[in-house]
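Heads up, the next two complexes both have subunit A, just with different partners, subunit B and then subunit C.
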Partner chain A sequence: MAAAVAMAARGCGGVWRRARQRGAGQPGPGPGPFPRGQRAVACNARGGAVPAGKSGLVPWVPVVGLEIHAQISSNSKLFSGSQVQFAAPPNSLVSFFDASLPGTLPVLNRRCVEAAVMTGLALNCSINKKSLFDRKHYFYADLPAGYQITQQRVPIAVNGSLSYSLCIDNKMSQMVTKTVRIKQIQLEQDSGKSLHDDTRSQTLVDLNRAGVGLMEVVMEPDMCCGEEAAAAVRELQLILQTLGSSQAVMAEGQLRVDANVSVHHPGEPYGVRTEVKNINSIRFLAKAIDYEIQRQIEELENGGTILNETRAFDSKLGFMPEPNLPPLILYDAKSLPANMNHQQVINIDWIHERLPDLPSVKRKKLVEQYGILPEHSFTLLNEDGLAEFFESVVKQTQMKPKKVIGWILKDLLSYLKQHSLTVKESPVSSFLLADLLNLLEKKEISSPAAKQVFMELWKGEGKTPLEIVKEQKLGLLQDQKELEQICQAVIDGQENEVMAIKAGNQKVLNKLIGLVQKKTEGRSNPVLVKQLLEKKLSE
Partner chain B sequence: MRAVLLGPWLRAGTGPRPHPATPHRAPHRALRAAPTAPNTACDSQQRLPAAGRDLPALKKVSVEVLDHLEQLALVDFRDSEGVERLQKAIQFADQLHEVNTDGVEPMDSVLEDRCLYLREDDVTEGNCTKELLENAREKVEEYFVAPPGNIPLPKLEERETFLQGSK
Partner chain C sequence: MGVGIKTRSGSGRVATARLSAQPGGPRSQWAAAFLAALPIVPRGVAARWRRAAAAPGEGEGRSAGVRRRRRAGGAMLRTSLRQVSAALKDGRVTPTELCQRCLALIKTTKFLNAYITVAEETALKQAEESEKRYKRGQPLGILDGIPIAVKDNFNTAGIETTCASNMLKGYISPYNATVVQKLLDQGAVLLGKTNLDEFAMGSGSTDGVFGPVRNPWSYSKQYKDKSVPKSHSEDEESNWVITGGSSGGSAAAVSSFTCFAALGSDTGGSTRNPAAHCGVVGLKPTYGLISRHGLIPLVNSMDVPGILTRCVDDAAVLLGSLAGHDPKDSTTIQDDFKPFEIPNLTDFSKLSIGIPKEYHAPGLSSEILALWSKAADLFKNAGAKVVEVSLPHTRYSIVCYHVLCTAEVASNMARFDGLEYGHRSDMKDSTESMYAATRREGFNDVVRGRILSGNYFLLKQNYEKYFVKAQKVRRLIANDFVKVFRSGVDILLTPTTLSDAALYTEFIQEDNRTRSAQDDILTQAANMAGLPAINVPTALSERGLPVGLQFIGRSFQEKQLLTVAKWFEKQVQFPVIQLEEVKRHDSGVFQHKKSASFS
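Presenting the complex of A and B:
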């Protein structure tokens, strides 16, 4: 497991070699997903196939495509007025339409259309000014109508792209940008939830989720491994959260990802693909995809074939146009109709103008404005509220942003992670941190002392940095005369060292500085001490 | 929370969902049989003289297609008579091919020129659990009860119900 994750962390460019070499006397147990022995060579981060190496093994090219369902963040459902809410009493958020009672009809929710348009624009799609609704028929207990209203023929948005970044190595110092094509975005209904009671051989059905609006985002198979898929999903998640079109919390089922995985040899046609479903975290998504790639490679190398169970039949069957809904027409500035009620008109250009800064734009601005590294901007945006915290501290302190970022990413973030807290729950506010950094900047305390103060602040006892400094006597000695006296005392007491320094051995000076530090209980500024000592020794 | 009470005895429905083509059936309900009475309107129409009739050659419905239809629609054709009737129905519908539709877009709905009404995103419905559950034959603590899902129909060769009326 660790080896594969490490391999994935190195970044993937397209080709996996054989899982293990066949050789005489190969030890170990039978084939598993992550066998020991010769590891597959890391992928070429530049992408493209790597030619068969010295071992003569023919490389495999894995292909990964994604179908992502994002629950639209809205008050009511896609085609009915019942509320959208997580974890409510069963069947309490269900209207007659959601329960598919006869005589009910779908009525489209404007907010859901706007969410889909925003998402389409953010993903560089062409928005179809005319899109259609269809019924997709299948039988399942939590689909009371026997069909799902979706957009199979002409969806609301097509032909977009999503750019995401990966670290090439484990140190997060080199990032590479990749793009995945977005085939389409369509509006569709969510289904209810089934709870299987195997002991009583029955299924319990809760329709609270039935009819909630979903955006299905279909990504072309441009990715080659779990890490790429995970990075793409993470970026999509950030975009959706920035737009507000979906809260995209995977753990609450607001973002569901199905991965289509296949492998083939370079130059040959794509292999049979299988689906990886029901994943509820991004990390597990990467692992599950890599596992499936490995499984397929092993299966094929052992002479087996890949079976696709879910698409045994032509999946185009079971669709028909939704007769109760006319086409969805969207407008732009040019085609805006003169006499229509504003509430009935959706203007793509109006929405475009009001899109917030997307994560990629925000990162660029952070780098340009504060001179931090691109990797830093990624981490800032990756934690909810961290970028705002950083900017708030920068505003309140004289310390340069390049130095502040170190405190944010190393000290604050690691403390938060250790205690499993979000930025919002931080016991150290941006105000307090800025206060502390000011003390450091004004050289009233040393750097190690500052770390100590920070640790104290973390206890959240309400003390200010200055109070802690006074309490624990961490302030740097400000009295120059006192410092000079201590330096002189040290010099007087260390005759041998003084002679060595005067003879040219500068390293011994550090020992003297150390002694001064000891005498001052760490409250001296080492740079200043060095200056004073050097001055005295040259006299 | 109700769900907590049932927690230990239930697992969430994360099992495979069917795609349109994944077959399953309810174990204690027979497949719906196709109508047994012939559609007289259908038969009488077939005797109309058709000017310049140019029907596609009368194709037999293959066993594979029949099997597929049964799985998709959970309909049981029962016997060769049922299949005959299906053939005739297809033949009847094929008369549509006589109409020249070159350059004409298919119509999905007579509403196609209407405006699709957009509703404001307000909560106006729901909270009628009791009413909804009144219709349910069985219920468990405000959940609807359904038979266990996803029992796949056996393969063609193994199925007893397929064309079971045939001699």
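Presenting the complex of A and C:
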């Protein structure tokens, strides 16, 4: 059975198709190469079945739901005054409450509530004007109180939706927009971290993270593959970062995704769910979900059953209302009491009015304002600061935005990626790039020369584009006579080509243009050269 | 017409005792009727007490000035907080002297086991600081230099906080509970931490790891005179009675004059019950009026810091110094609390006292029933409206309380895993086995039993059936009170306990759960509803032991509650304890301090 190993190409919104053969072998641990199994899998956005195609097998409909924990970006923890900071020395950010010293009580952090309200509004949720806190009990070394304070029964925000786009078959030109329903957003405490040292048989506990505010975003199982889940998470990440409600850096654990995965035949009830947990990058998330889908299908087709493995934290103990926190009451303009101290209340409408442009709106504006392609707007927003960089360049140059975007995406971005740099770390500032593009736009340099200047600028030696052009003599030959002479010399030396052109083979003209470029070391304007050559040849 | 209170006869037959209104001046009439009903209470006790306080040293035959001064100090210990505060202000006694006398008395009454920790050194330092302030003429207020004690389930920075449990033996908190901090900020001198049932789970102050608290009244002349041992061969040692609980140490400390006020906690009656048994005032304020920050919780939704004092006025002083919003406790009221002096009750025409018939509970002793009736008549005679009311869901209260209490206990106790603080077992097989052993070794049977039943109620499959149902019943119980108060009743009058204090030997015949269920029966409904309630010592029983009555008020209407309580206190003239047994139990080590003992 395992002899032939197939890799399912991710075909979101379409069919899970057979894919090219890969070598035999067991899938390694963790998200890696795709698992073995020749399965015809079908899905679309709402789990509707699609014929399995050539395989002739009954199609499978995968169902993916997500629970996402986003660490709230705030100075202090959800219920204590301890500072929140990544990678601080172990147990250096622990208040009496965080260590669950007896007699300590939780005091709700206003900033965390505001972050959750912002996020809820951005995800089209209804904000509950009254929400409650519960204790979720389980024994674990990194949970000092023996329970987590969370919002289980009445969370702060419910019934929202998130629209996300993804491209079909990895083609940027074929983008589809989908929507996943948001079941709820709840405020809750993060746990500490524990590390088990097997050799010395001890558990090391770091409580720095214990009590940090989290927003748990629960998405309905409206997705059907890893790619969709990844796109939804990416969009959520962008929204959180735009709002500033979470830094949402997955590598730092500020955004943690658990996926619930099941498969079923069309028309049948949902299958048994399993959980894919603790994924720390979006790329691995897609792979891990697809892996799990494949594993389940294979298991079921082999006559097996899917077991819902008990969660590590699951216990038979349930929830209990947190008696130390009164209900969280939020107000809107209508319900706001007249003589209420504004420091003591949160006004949903006030927050709503101050929401920044969300990524979807920003993209729309970019497309409308600059006439760029929709897929380019996605790329601009996907890189932190890139849209701002683009807009800044546009402002400082006469070049049309449609041309600028090429430089931003093809040159700047690919250089950044090659060197694993963020936009902020770019050695070429928007000012320098605009300068360079202006030279190009004024036809002072040729396009190839501009690329050369760009590479020089990348070195970050502090030279301006103009200085580089002068130093390296990259400026276009402005002396028309000199250029005419060079053209004449090329024509004179290439009798055969001239004959061919005169005989009607216009393609050969390009060779002559190339020769002129070579002689001028790329400093000639190809359009002008072409004109001069044509004029001379027709004489 | 008197108010009918049904009397249960031993056979279970229900009779109705109708008490006719007593004509004449209420106070004298009351006293007369009262003493007639309980002839074992010697007449004129109160008067003697007042004389003793006014003229220290009288009748002792001591002449030496130093001794007189000591006697003065001894008598000083028996005054009220407000009186001793005035004495401090006038320079009749210094904070250090006062502190030393209290510390000395704590030593000579060590056999009571009222204190777990005596913070002698820090107390003397605090007294010294206070003395400096008085010398500068800048005392911090009425509490400056006043020796107080705090139940050992309040966190005290630098002083052990044990909850009378192996789990927290040796635990020194890094912070002060808000109430402790407030007392210290106002210059109070913290003498030490008082004994309790382990984690406040109990009604006898008998179930702590440091042993039971003995009721000071066990050693009173009043008790000795009336409760002759059944046979002389019987060990006198077994004649002592319990304090009630769980704040028994605090009640005993106030009752035995080792401090002027003490903090207790009250979850189901833990302040009022021992106050009743020890003959002191025990106030459970409205839930949310006083911060719980730093009080090691029993049931967060019912716990309230309690106040134990010698008189109602003193309770108002403590209330004024402790009440109000605390940013560290989100369940405290937002508004500031205005401290008040209790006015004299003069206009009874607008006062309506409710007598809840359900508080005539099975097991209520006939003498307490009689007291209750007389108290009702007292108000009626004064011109107040006294009406029988019904709180129909009261009978479900204890069962409901049991479910909610144990569930919260199970949750609250989860943090004691031996990792961050407290006892940690040597068991090292695994984290889980370390947890299990730590908790087995750290908690007594009572605590473990409540955790076990609480976890049962919290199981996913049981949650709706028990916890949610109990919450609904709790709402019904609270609504009973709302309805009664809405009907125009201002204050409810009930007994605090079913009977006077039990002999320790008898008390321990029953298990903690049974005892708690019986002993909390008249007190815990107020916790369910979050209402303020106060025990006012009323009289001595046939055995010469204190008996108290309870007043329950409207939410946050402490002023009204205390006004009524103060008036009542004044009418009943509860006798002062006459302690005679100190010398016998004194080891003799503190010879020079004997002169500070009771007489």
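In this text, the second predicted complex is superposed on the first by the 461 of 539 C-alpha atoms of A that agree within 3 Å, B and C clash if a C-alpha of one lies under 4 Å from a C-alpha of the other, contacts with A are read in each partner's own complex, and residues count from 1 in each chain.
Throughout what follows, a contact is a pair of C-beta atoms (placed from the backbone, for glycine too) under 8 Å apart; a residue touches a chain by one contact, two chains touch by 3 or more.
As the structure is a computational prediction, the values presented were derived from the model and not from experiment.
Peer 1: Scan A:93 for contacts with subunit B and subunit C and give back first, second, both or neither.
Peer 2: first
Peer 1: Please tell me which partner, subunit B or subunit C, touches more residues of subunit A.
Peer 2: B
Peer 1: Pick one for A:251: touches subunit B only (first), subunit C only (second), both, or neither.
Peer 2: neither
Peer 1: Classify the contacts of A:307 with the two partner chains as first (subunit B alone), second (subunit C alone), both, or neither.
Peer 2: Neither partner.
Peer 1: Determine, under the contact definition given at the top, whether A:76 touches first (subunit B), second (subunit C), both, or neither.
Peer 2: So A:76 only meets subunit B here.
Peer 1: Is A:108 in contact with subunit B, with subunit C, with both, or with neither (first, second, both, neither)?
Peer 2: both
Peer 1: I'd like to know which partner A:195 touches here: subunit B for first, subunit C for second, both or neither.
Peer 2: first
Peer 1: Just subunit B (first), just subunit C (second), both, or neither: which does A:338 touch?
Peer 2: A:338 sits against neither subunit B nor subunit C.
Peer 1: Check the residue A:145 against both partner chains and state whether it touches subunit B (first), subunit C (second), both, or neither.
Peer 2: Touch partner of A:145: subunit C, not subunit B.
Peer 1: Is A:204 contacted by the first partner subunit B, the second partner subunit C, both or neither?
Peer 2: first
Peer 1: Which parts of subunit A are in contact with subunit B and also with subunit C?
Peer 2: 96, 99, 101, 107-108, 137, 139, 141, 201, 203, 205, 317-319, 323-326, 344
Peer 1: Looking at the complex, which residues from subunit A come into contact with subunit C?
Peer 2: Its residues touching subunit C are 96, 99-108, 135, 137, 139, 141, 144-147, 201, 203, 205, 316-320, 323-326, 344.
Peer 1: What does subunit C use to touch subunit A in their complex?
Peer 2: 154-155, 161, 163, 168, 173-175, 177, 292-297, 299-301, 327-331, 334, 407-408, 411, 413-417, 419-421, 428, 431-432, 435, 455, 458-461, 463, 467
Peer 1: What does subunit A use to touch subunit B in their complex?
Peer 2: Residue positions touching the partner: 74-76, 80-83, 87, 89-97, 99, 101, 107-113, 132, 136-142, 191, 193-199, 201-207, 277-278, 310-315, 317-319, 321-329, 343-344, 346.
Peer 1: Which bits of subunit B are touching subunit A when the two form their complex?
Peer 2: Spelled out, the residues of subunit B in touch with subunit A are 1-3, 6, 9-22, 24, 68, 72, 74, 108-109, 111-129, 132-133, 135, 138, 140-150.
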